[in-house]
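As structure tokens, the structure follows; a few thoughts come after it.
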Amino acid sequence: MKLGVLVSDYRNMEDTLLRLTADTLGIILVSNGVYHAKVKENGKTSPVLEKSPHLYALLEDIQTRGLENEIDGRVKSITYNDLVDLIFGEYEKVIWI
Amino acid sequence: MKLGVLVSDYRNMEDTLLRLTADTLGIILVSNGVYHAKVKENGKTSPVLEKSPHLYALLEDIQTRGLENEIDGRVKSITYNDLVDLIFGEYEKVIWI
Amino acid sequence: MAKLTIGVFSSLVGSLSLDFAVKLADAAVKKGHSVDFWVSGNATMLSKKEQRAFKDYSALQKTLQELMKTGNFQATACEACAEARGYHKEDTMEGFQRHSMDWYLASGFSADRVLHIGGD
Amino acid sequence: MAKLTIGVFSSLVGSLSLDFAVKLADAAVKKGHSVDFWVSGNATMLSKKEQRAFKDYSALQKTLQELMKTGNFQATACEACAEARGYHKEDTMEGFQRHSMDWYLASGFSADRVLHIGGD
Amino acid sequence: MAIKKIAFIVKSLPYKTEASRLALTHAIASQTVEIYLEDGDNVEPVLAFIGDGVLNCLKDQKAMNAYGVTSLEQHLKNSLLLDLKVLICKEDIGKFSLSEDSLIMDAEDIGGETKANIVPFSEIMKEMESANHLMFF
Amino acid sequence: MAIKKIAFIVKSLPYKTEASRLALTHAIASQTVEIYLEDGDNVEPVLAFIGDGVLNCLKDQKAMNAYGVTSLEQHLKNSLLLDLKVLICKEDIGKFSLSEDSLIMDAEDIGGETKANIVPFSEIMKEMESANHLMFF
């Protein structure tokens, strides 16, 4: 299964995202999920970034929250246009959590 | 300060409830906060129950969620009528978190 | 007797926080207290007239209107929050007032207790 | 081209999830895809006509109506969810359909992708 | 002629928001979806409760008495009565120390024959793999 | 003649819900509350950001460009311009490894003179003690 996960929040990923398994798992940070790409809590980067090598974050949501500097280097910024292509082109199913 | 805290949720109490200090701190479990009075996670009762000796839970909310059995013995069930008296009689300020 | 101001903010309809706030107000008024009831943000949904009663939703219009009749309960919706959602004066439940946000603070000024129900 | 069904559920107005869903639909339609847009629960707020534009809220009625004109976008509100909130047929934004919940599942049947935006 | 499978994954607590309620009502709406589809086409729902969502499955929910609203228990029983597949995550039941006795496992009292199933998360993951679309509530 | 102090405690992340936005707009509404009160009476707001709420205070929020809505940054600057007391929790700034440089600490660019204060949680607790009413957003 090629699964694209739109992560829209910063808390409580243990019961959902962190348990999911897929042949290809893409993580697309949107809404308050984009904090995972920047915020270090007690010096540690978010465990969400360790879950997959396929990491994206929505540029508009990064900019809205004042996070443009110091986004983790593993995370690729994408536009809404890119997101449409990811949804149809790279993943068979998409979820929003 | 005599502070009454209406705890309305089950998650993310670390930044709020668990840091509060008051001469008298009352914890009133309402809405999904009533799960603190029953659910053991990994065998442990909720840390919320350790925060204060003044523990209450709203009967209607317990009943709604099927939690009437096995409520922790430290927690006193109260009605809406009791809650009005607690708010005016026992606490100087009340918050909902 | 005392005065309680209840402010309810986020998404009410479909949430039992709505019922909580109204039941608490009802219990307080029945004990002789007065209650100011402020709805802001998505909670302004409560002020929409002609909500239809379904078993999956609480139907609170009747309780609210009985509370209003006591003279010890006033309900006010945030005017800007309501307009932003397309609730105009003519969409508003009878007896529900509309004011700007300072009304809530003024109500708090004279209240013995304020219970602010925030959340998502 | 492909079909995307977007379902949006909880409290939309006042939340940028609303803008997300509409912007995504807009980008998909501009790329030649078709989009079905379902609002249920508190998200039925989006279907209320005459929402007033404030700088503190997204004003999306215009974008929605332009999307509807393309013929590749249809927006539907859950009828029971809307009625429970006091949104009747005459309260509904022009071009917004109302159906029962099975419409969303039927839309999913023929969709290449479904993005279900739940949450609080 | 095709059957499309939709997995409804419930991860939210009940009542405070209507997320889990909408999951059940939408899943049940699959019963009438045929009216929109060609002959032989249909949608097959699967309901799975994970994480905090398993607490939707506790017995004896008295929401109608206390608040005058249909309980999640009633919706879950209706789902079983209509023979929907219902899965409850075994690991989460364990995490919350819930016994099977405390859970809504059947709808016998209203004439239902289908039972809920307590299964490991890996089984739920397999359902997600075989589903055409996934909806997390 | 009396002054009642109301503490607005912001613990929520911005934008996904409007909780923090409503905190700031209601706190700012204290500027016009006098019209409802007797001469000399007034309401004094204090704004405090704790927990995840401190992330409302990050600079360079481009919400107007990206979504056409007023940013929390703009509201926070307006609060400072109106001389509202603004406190940001020191421990939470530390927990998130945020520098003071990255935070909205003043509204000089719009002519404001009041500055935000980074203070230990114990100071915020003292504000709560001296307030007449508390509102958590």
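A few points about this structure:
Think of it as A, B, C, D, E and F in the order they're written, each chain with its own count starting at 1.
The rule is short, and it goes like this: a residue touches a chain if its C-beta (ideal position, glycine included) is under 8 Å from a C-beta of that chain, and two chains touch if they have at least 3 such contacts.
Everything numeric here is computed off the predicted structure, so don't read it as measured data.
Touching subunit B and subunit F at once are the following chains: A, C.
When the interfaces D-F and C-F are ranked by C-beta pairs in contact, the top one is C-F.
Centroid distances built from C-alpha atoms place F farthest away from subunit E. The chain with its Cα centre farthest from the Cα centre of subunit D is B. Each chain gets one centre point, the mean of its Cα atoms, and the points for subunit D and subunit E are 25 Å apart. Separating the centre of subunit A from that of subunit E, both taken as means of CA atoms, is a distance of 28 Å. As a whole-number value, the distance joining the C-alpha centres of subunit B and subunit D reads 38 Å.
Centres computed as Cα averages put subunit C at a distance of 33 Å from subunit E.
The multi-chain contact residues of subunit A, meaning those touching 2 or more other chains, are 8-9, 11, 31, 60-61, 64, 93-96. Among the residues of subunit C, those in touch with two or more other chains are 10-11, 14, 16-17, 41-42, 56-57, 113-114, 116, 118-120. Shared interface positions of subunit E, i.e. residues touching 2 or more other chains, are given as 15-18, 25, 52, 67, 132-136.
Going by the touch rule set out above, the chain pairs that meet are A-B, A-D, A-E, A-F, B-C, B-E, B-F, C-D, C-E, C-F, D-E, D-F. The touching residues of subunit E, counted against subunit A in their complex, run 11, 50-52, 92, 121, 125, 128-129, 131-136. Note for the complex: subunit A touches subunit E at residues 1, 3, 14-16, 19-22, 93-97.
Considering their complex, residues 4, 6, 12, 16-19, 22, 25-26, 29-33, 35-37, 41, 43, 45, 132-137 of subunit E touch subunit D.
Residues of subunit C that touch subunit F in their complex: 7, 9-10, 40-42, 100-106, 108-109, 111, 113-114, 116, 118-120. Residues 2, 4, 16-17, 20, 23-24, 26-28, 30-31, 33, 112-119 of subunit C touch subunit B in their complex.
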